[in-house]
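The following blocks contain the structures, represented as structure tokens.
Each of the two complexes below includes chain A, the first together with chain B, the second together with chain C.
Showing the complex of A and B:
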């Protein structure tokens, strides 16, 4: 009845076209409905999913909280200090995933002391594997300088990998937002959560360094490396942020390497002349106590570091480290 | 195997090699990182790089000696480089091929005919060489703008790889940024898409390197040509002619890129690669004397004209901070190819292609932008100079950069000086503690030191109501909890100073109680003060690395910024009286 080009539609064509039109309208309508936004953009961004850092600590033991070992050989002093606290078996259970957080802030060679010494890291990684029978050890940090250069130049990347650890570099997807309960500064702030998510235990390993703003950079300040985002704004209130970090992060163990102390020009150093031999290796379940002892290596009193008092008040630990009856030893 | 198949294999191989070299221009020790890969090989083979720098510097830099080989091989074989090796040429070849797949033979023959406008590339070559050739007047190496090897290196390094690697992070830890990358991409895209209009558009009309090869290929021993004086004139040989050189008639020998398609397509085997000129005649490069003189003169005069801006003299742009080891600006502009190798290898991504900071002739030359990348110019790194193919950035050692060992007397290489902007700096302008810049200054002793000062906070003058033990009760109310951060102090009328450990709305707690009741009497005034460490730059120590600027928490226009004054590469920009 109808030929192509003529105006009249056949019944069949009419039905087909009608069906197509109906489907198009339905699809467009459904799409519009599913995306319909009555309110428009709000002032606050969509609520971010918050994570909370797990408690990595192990049950305390009287008179086995703080160990101070004198000596020059970091591998030996570190192993000895852990042994005095009950051995790595106390902290790492077979099959555990252990995250190690050294201070790798700067692209500076280990001899200049601005970063955790690779010898301590490989000693602890090996302990975790050999005696602790850990399933996996992760070594990671979110440095200040270029991450790849920091891991390479500090020697930590190589040492950790040689000891069998997974070296994890910070990438955008590894950060998640967190809020510290009762915190003033750590509110909806990105932290380096990715490597900690799969970890059962967390060990912080830090050098002892001068720090012009906060007085000293030791095990508590080391957690600054877990902050993401534009974390430099926290320098406006450095003591509070360090205390809040110590509240946020509850590590299994901290190790403070005072074999060499950066006395001046910290925390970057840059010259051998900034360093002094102090021959002390500290292992501790109490970061406040470790840092309080560490302050003596820098010729400071614990009262010179306001963040120790703030953390103490928050119940993180005690600055009166002698009250913990530290176990002392020396290895040659 | 057909010769065209061999050619295709060669093109694919060299293109792959080129991309590989771009990928491995990444700092690191893995096999796919820089190690000892000859990442500049294509640039070193490029005779226009060698010739340009020879003209501008009147020296033949050792690392460019491979270019002699390219010239010799061209004199023997013709423009093999264009048809067999050039990665940019291979891209054009491939895109042009795709664009013509469905065209009729007659249309293709028409597309591939010789056009008078193909002489433009010779004028471009002469113009660019003219810009470089008269150092006594003013010379500037601008061949890199259009020279295909620097162009394609820059495009892959600064645009294509960063885009492809944007989410996978295969060759970098974080996203790489390149300011003005869009302009580099635009030039690349126009060059590549023009193949859809005319195949090998860039090679035929623009490429100064092709023009150079065209000129010297007149001496070539072997050449494409007709081996019989007469043929049936079917023009099938021009169906896929890459150079647009008309092998059917008097071949325009300078245009022939040795694709060998004509030899393949001639059904009567009348075209061969031979030592005698084509029996149908041969025409040399079409460069008119008038055109030559005009383009040479404009090239020679262009540089002094551009320099009228004073950008290379006293009116230099202070934000154009060059990488460590860069030569003094005039010498630098005689060597820099704008190839982007330094920008690709820089582990912190701080080296950026310049816009107009270096003047018109400084387009895409390396400058530092401390707001991009992971941490300013790293103290323990000299990668940019090590990779620079022409030594526009000298291959300095770490010792030289830091001014230690045998370089102790000269002191460190300074690339600029940091200036504190006291109107934006938190401790200077807003009385907030900060000194992130000081903390991150990598030199020892630090180039940033602090002036320590106590400043009374806003509404900080209050009256003592009562003192008990170490607690002061106040008449006025103060913000609760604000002053217990370790940065706040009270100052009594007689100069007594105590450190605040915490405060409520009406009380202040001090850290020590020594005789407080006698020192602060009820009714007396005290001031609540903040202890500020205000950053100052020691210009004798500052090397201009920009780590401070990168870390400054004032995120927009930073409160400490590196400026080119004081850079050691140019004596006339020095700032120090002595040292």
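Showing the complex of A and C:
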């Protein structure tokens, strides 16, 4: 049939069709040229929207910045430590959304001390609801290992849910890019921003651990879990990244659980023999002071942890924790 | 014929129009996707931070989830485990993503020649509280494996005599076998868990076995009398904070009532050993150590350096191609005695020197 059509094709039609084809090619070429990007796709950093982490801190009170409670029962010592700083009502207002950031880095059971103990999480979630009258408490982290395994095996997912908290696991959409003003490392870097965006208050809860790279992992190092991306590259400059995280995150309160301290082979440990009973629970509005005290549980001096000096110099807090006149108590 | 021709032309026009619309839709789709390109999805999110290493699939936080390279998953198939079942499939990690499993410990492994980690979790079919996880590290060669094994050794661990380099704690078992370092971590303190770990370790080493358990010759160079067996550590590089000290073995050494740390390392030749010893001495003095005179005639003869380093005693000497000494001793006298014994031993070995 085509042959029949071609037989009927006159010179005029041929010219018209040829002209149409030429115009089509020219239009397509012009369109492609107008859309051609000589520089190629821009790097995300150059066009991403940067966010700023909110300031979750509450006004300071003289001689109510650091509390140290001795005892073995984590629920009791944690509640007592918060009470000594003025009670949870000082930190959580009725109707607040509270984000709690434990250390759930590993799919490791609480008996090994590599993650925050679920008993502390339960106690603080309940305090937030019962005395702080929080509207919602979120328990979240961006673990190193598979998140579902970490929340399950650490016991934190179950404990938090039983206490009424919303357990939030990391998803791609919850990360946003941020830059720390004057920062050397946190520049256009993805952080776990989603849960913090809706929060009014932020509480960090961390265990006391030896750390192969930084010397210790406590409340300041706990914020490492907020970093996205290939965050392991920061291990090359671990002291700077910990100090920068402490500058970036301004929490309402930090709780350092030194009931058991991982003395060796941190941060993962693995053997119960890596642990030592140290029976201390610390609540603080000054995370530098909390970690400085925590260093003593590891048998270290604050000067052994360079990131404390860096954070202190940046005005985050003081490593001279005794100058804060810590409130001490013990519970049985 | 004409009717057929018209119908055909109409049909061709319809098809042509559809193809044109399809092409336009494709072009628009490409344009939209290109405007919203997310480099992280293509494994180059780290470019934002200047990291040029490529990544595989990305985790919610952007980290790599896909292991690369060969694995040892098949080793875990068909193990006899006394009613302990594997949980999920084995996971593997290479040097790029090892941190996703062990975070801050990863650099120690990577710097020690790490090649591949394979992990597998097991749970008791009778009691789900009883879990354990096996970490099988391929460290490339026996010395690398022994280094990470020895440097993490728990002081209160008790030897497991079934294998050459193995010990257990109340919830875990640790083995250095050939080029492999194996950790079996129990999620509770339980004899049943320990028994299963041992059974798994025996089967794994039997499968991995090439007849070479990775015996480390230098351990036999320490004096048999006084050296605390099992206290050995191998520093592949930067021993005692000094970059120039590599391949150094240390051990705890009983001297009278006290205990000191002695060390030795076999170098290429005697001249090289002397250069390293002098460099280490200079490193210590440049960091505040002061040189003391040795009381021991043997140490004087060997031209050993005895130093006070902020209250502790350091001794460095050479014996043929060996560098040896004492590190961070509380008392100078004990340090010198231990150094004398080690020096005599290394001189006796002699034939290994030049």
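Quick note on the criterion: the second predicted complex is superposed on the first by the 286 of 332 C-alpha atoms of A that agree within 3 Å, B and C clash if a C-alpha of one lies under 4 Å from a C-alpha of the other, contacts with A are read in each partner's own complex, and residues count from 1 in each chain.
The working rule: contacts are C-beta pairs under 8 Å (C-beta built on N, C-alpha and C of every residue); 3 or more make two chains touch, one makes a residue touch a chain.
In this text, all values refer to a predicted model and were calculated from it rather than measured experimentally.
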Clash or fit, chain B versus chain C on superposed chain A = clash
A:307 contacts which: chain B (first), chain C (second), both, neither?
-> first
Applying the touch criterion given at the start, work out whether A:252 contacts chain B, chain C, both or neither, answering first, second, both or neither.
-> neither
Of chain B and chain C, the partner touching more residues of chain A is C
Now for A:212: first (chain B), second (chain C), both, or neither, which partner does it touch?
-> both
Does chain B (first) or chain C (second) touch A:240, or do both, or does neither?
-> first
Figure out whether A:145 sits in contact with chain B (first) or chain C (second), or with both, or with neither.
-> both
Which holds for A:265: it touches chain B only (first), chain C only (second), both, or neither?
-> both
Have a look at where A:274 lands relative to chain B and chain C in the superposition and call it first, second, both or neither.
-> both
Could you say whether A:229 touches chain B, chain C, both of them, or neither, answering first, second, both or neither?
-> second
What is the contact status of A:106 with respect to chain B (first) and chain C (second): first, second, both, or neither?
-> both
Quick one: from 254-262, 398-406 or 524-532, give me the piece of chain B that collides with chain C in the overlay.
-> 398-406
Which chain A residues lie in the overlap of the chain B contact set and the chain C contact set?
-> 106, 109, 144-145, 147, 153, 170-172, 211-213, 230, 232-233, 235, 238, 264-265, 267-268, 270-271, 273-274
Touching chain B in the complex, chain A uses residues 106-109, 144-149, 152-153, 169-172, 211-213, 230, 232-233, 235-240, 264-265, 267-271, 273-274, 303, 306-307, 309-310
Within their complex, state which residues of chain C touch chain A.
-> 1, 4-5, 8-9, 31, 34, 37-40, 45-49, 51, 53, 55, 60-64, 99-108, 131, 152, 154-157, 169-172, 183, 185, 187-189
Touch list for chain B against partner chain A, complex | 27-29, 169, 172-175, 347-348, 373-375, 378-381, 426, 432-436, 438-446, 450, 484-487, 501, 511, 533, 547, 551-553, 555
Complex contact set, residues of chain A against chain C = 1, 4-5, 35, 37, 41, 43-45, 105-106, 109, 111-112, 142, 144-145, 147, 153, 170-172, 174-175, 177, 187-190, 192, 211-214, 217, 227-233, 235, 238, 264-268, 270-274
